[in-house]
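Same chain, two partners: chain A is paired with chain B first, then with chain C.
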Partner chain A sequence: MNIIEANNLTKYYGKSKGIENVNFTVKEGEIFGFIGPNGAGKSTTIRTLLGLIFPTSGSATIFGKDCIEKGHEVRRDIGYLPSEMFFYYKMKVWDLLKYSASFFEGDYSHRIEMLAETMELDLTRKIEDLSYGNKKKVGIVQGLLHSPKLIMLDEPTGGLDPLMQKKFFQLIREENQKGATIFFSSHILSEVQHLCHRVAIIKEGSIIQVEDISTLQKNNYKKIMLKGENLSKKSFNFEGITNLTMEDHTLRFFFKGDINQVKEKIQPYKVEDLLIEDPTLEEIFMHYYE
Partner chain B sequence: MNIFKFELKTYWKSFFLWSLGIVALQIIMMVFYPSMAQDAQIMDLILENYPVELLQAIGLGEQVSLASVLGYYTFVFVFVQLVIGVQSGYYGFQFLSVEEREHTADFLFAKPVTRRRILVGKYFAALSILLLTSLVVAGSTFISIELFRDGRGYETGPLLMLLFSVPLFQLFFFSIGMLVTVMTKRIRSVISYALGFGFGLYVLNAFRSIVGGEMLGIFTPYYHFEPSYILMEGSIPLERALISIGIIISAHLITYVAYLKRNIRA
Partner chain C sequence: MNVFIREMRDHLKGLIIWSVVILVFMLMVFVEFEAYYENPEMAEILDVVPRGMLEAFGMYGANLTTINGYMSIVALYLYIMLGIFAVLLGNSIIGKEERDKTGEFLMSMPIKRYQVLRSKVGAAVLNCLLLTLIAGIGIAIAVYQYSPDRENFEYISRILVAAFIIQMIFLSLGLFIAASSKAFKKSSALSVALVIITYIISVIQTLSDSVDFLKYFTPFKYYQASEILQNNGFQGIYIGLSVIIVLVANFGVFYVYPRRDLKL
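Our next item is the complex of A and B:
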């Protein structure tokens, strides 16, 4: 079953484009990465899915229901962690979480305490006295307290120290293993690389690729470094080569295609050093953005 | 109900402070009534020497005698109106814009509630506070008059009518506040908007009373619910009040429709 289905989702703010014809599906139980630089439309997409803003055209369903028409029903099972957490700052953490829980049926006191313990969050403090990282923790607890079936994370790790990040990812993995679907928006690829099953890459408001992480890494691109005298850019300027640079007798490029082609090109040269490796996701990503 | 209760809680401190201000204003001004009434003839003489325009501008245009309880209270109530005008405007500009200004929208709007429920919860919390404020105004009106009337009598009918106009007067500013909120992207400074409308419309009415005519009065509730008229005539000027009511109703309808479709910005 598809948890999220975006169909030609489009949002214009007046004349300026937020997103355009965004299509993707998120399957039940997967961790779906949503990757793009700042301003690419990640938050716009999430905010549309959550009904904070209304699409100019197109539609989206979550759990099979329209995310605008049935927004309030859909959101019962969504936990959302925005990129920057702001709260009613005069409240105590515990009161805020109680208020948050009051939107859901049932008693969540125990769950709040448990999550706070995992995240090492002091429930008795006032929100305004909390550090950025601690506020983030409040956000995490309020996003997860009702054991949502879909967790939407918008740049979730900013402001968390590495130890806390690790704990956070552990928590997300656990929720995922318990059956929650995760929609993870980020511009930091290394985060996604380790956690996600699939990623969508968004650029200037449009999705340019949706791919399995493994495919993305193995999509035939090789990163090649050659070192030697007399190497010239010219002889390596052929089909399949991209990002060709020459510096200090060192030639670097990406190649997609039959590796034998490269082998033949290298043949005449005396090579001091040669490195062929898989590009990092970061590099693949940069590639999409050029 | 949870939104209503939560919102209500956020008002208590502000409600208490505004109420304190209103009560203090009325009592402090009424303290001067006994001496003012004793020297009434001198006072009225002095007033006669003031330019009529100035008297009109502070709401004492229509042969109001400061010697009578209600005459003096007319003068007091002009200031009360100013305060509740600013306060109601403040709540009106505040209650729908606060989430976006303080970035708490992502918290509230991602919860499983409809827009309508958010609006209704917030609206009725603010409305309750306004109604409580009008009760405070009524209470402190009678208390301050009883304390300082110095044995002079007054008619309660016109006074009740004046107090009855308070919720409408509040709703006018409150409605303008929420209307402007839903028509704009973001309200940055609530207090400056509230002061601007509260004083601006007052000045408009002062200007109107100087130059005369009704045209300028259309837009200002200080004219629709003019204390001197209500206290002297014993009734609210219906035609003028209807303008206010019309504006209030339209503002409510527009707010309702616009807020349900509003894009909540990050």
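Our next item is the complex of A and C:
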């Protein structure tokens, strides 16, 4: 079953484009990465899905229901962590979380305490006294307290120290293992790479690629480094080679195609060192943005 | 219900501050009354003041030496204060979610926008009602020393009812301005300006006979205290107008706000 389906989702702010004809599906139980630089339309997409803003055209369903028409029903099972946390700053953390929980049926006190303990969040403090990172923690607890079926994260790690990031990812993985679907928006590729099963790449308001992480990394490009005397750029200038650079007897390039071609080219040379690796998502990503 | 309680709590401090201001104002005003009360000489002082000026401040023809006469002057200031309270409350109770960017949190909860509005409007109406009651209690305490009779209390009650209706008008307009505007600073300035402008319109209408129709454009004229005193009640047309303004503005709020983008 598809948890999210976006059909030609388009949002214009007046005349300026937010997103245009965005199509993707998120399947049940997967961790779906949504990557793109700032201003590419990530938050616009999420806010449209949540009914905070309304699409100019196109539509989207969540759990098979229209996200605008049935927004209030759909949001019962969504946990949302916005990129910037703004809460009623005069409230205490505990009161805010109780308030948040009051929108859902059931008692979540125990769950709040548990999450707060994991994230090392002091529940007795006032929101306005909290640092950026601590506000983020409030957001995390708030977003997860009702054990949502769909967790939407918009740049979730900003302000968290590496240790907290790790705990946070652990928490997200646990929720995922328990069956929650994760929609993870980020511009930090390494975190998407480690966590997500599939990613959509968004650029200037349009999706340019939706791919399995493994496909993106393995089936496409190899990153190759060659070191040795007499190497020249010329002999490696053939179909499938990109980003060829030569520096201090070291040749670096990306290759897409039959690896045997490269093997044959290397054959005549005496090489000191050879490294063939999968490019990082970052490097693939840069490729899409060139 | 949770949103309603949240709003009541959030606005409690403001309500207390306004209550204190209005109580102090009423007590001061009625301390001043001591000089006029059953003192015909003081009433003559007003004879030397130009008529236009008296009219501008709603004092023309008022008998300052009686409780009702004095109250008919005080009423205008009560209207203005309560009106400003109501218009600001209406504006902020909706606009603050975008000003403080808390709308992203609130509206991502499993709740319809119209439900949020219902709770907010309910809380705002209750706040206005409480402030009117507190003003009433303040006036009752303040006039107590002048041994008011039944007629005085009836008149004061009418003024309070009028003040509450005026609050409902300005509250609705404040709500509507906030619901249709995405810029909080602009909308709160516009809201206060609305009270001041309608007050100025009421002054202009009083001073000039040629613009009589302006009386329909200012709630302060609908419930002019001197007329309530003369007529022993309200005029049907103004009650009708008030109801129409409140209904139309609220319809606008409930139509516009659930359909518009939140400014985040």
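The criterion applied here is as follows: the second predicted complex is superposed on the first by the 287 of 290 C-alpha atoms of A that agree within 3 Å, B and C clash if a C-alpha of one lies under 4 Å from a C-alpha of the other, contacts with A are read in each partner's own complex, and residues count from 1 in each chain.
To be clear about the criterion, a residue touches a chain if its C-beta (ideal position, glycine included) is under 8 Å from a C-beta of that chain, and two chains touch if they have at least 3 such contacts.
Note that the structure is a prediction, hence the values are computed from the model and not measured.
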**Asked** chain A superposed: clash or fit between chain B and chain C?
**Response** clash
**Asked** Now for A:M114: first (chain B), second (chain C), both, or neither, which partner does it touch?
**Response** neither
**Message:** Tell me the contact category for A:I276 with respect to chain B and chain C: first, second, both or neither.
**Reply:** neither
**Request:** Check the residue A:R75 against both partner chains and state whether it touches chain B (first), chain C (second), both, or neither.
**Result:** both
**chain A residues contacted in one complex by chain B, in the other by chain C** = 13, 47, 50-54, 71-76, 78, 80, 82, 84, 86-89, 99-100, 102-104, 142
**Prompt:** Which of the residues in chain A come into contact with chain B in the complex?
**Reply:** 13, 43, 47, 50-54, 71-76, 78, 80, 82, 84-89, 99-100, 102-104, 142
**Asked** For the complex, which residues does chain C have touching chain A?
**Response** 2, 6, 10, 100-105, 107-112, 115, 259-262, 264
**Complex interface listing, chain A residues touching chain C** = 13, 47, 50-54, 71-76, 78, 80, 82, 84, 86-90, 99-100, 102-104, 142
**Request:** Please give the residue numbers of chain B that touch chain A in the complex, ascending.
**Result:** 2, 6, 10, 102-107, 109-114, 117, 261, 263-266
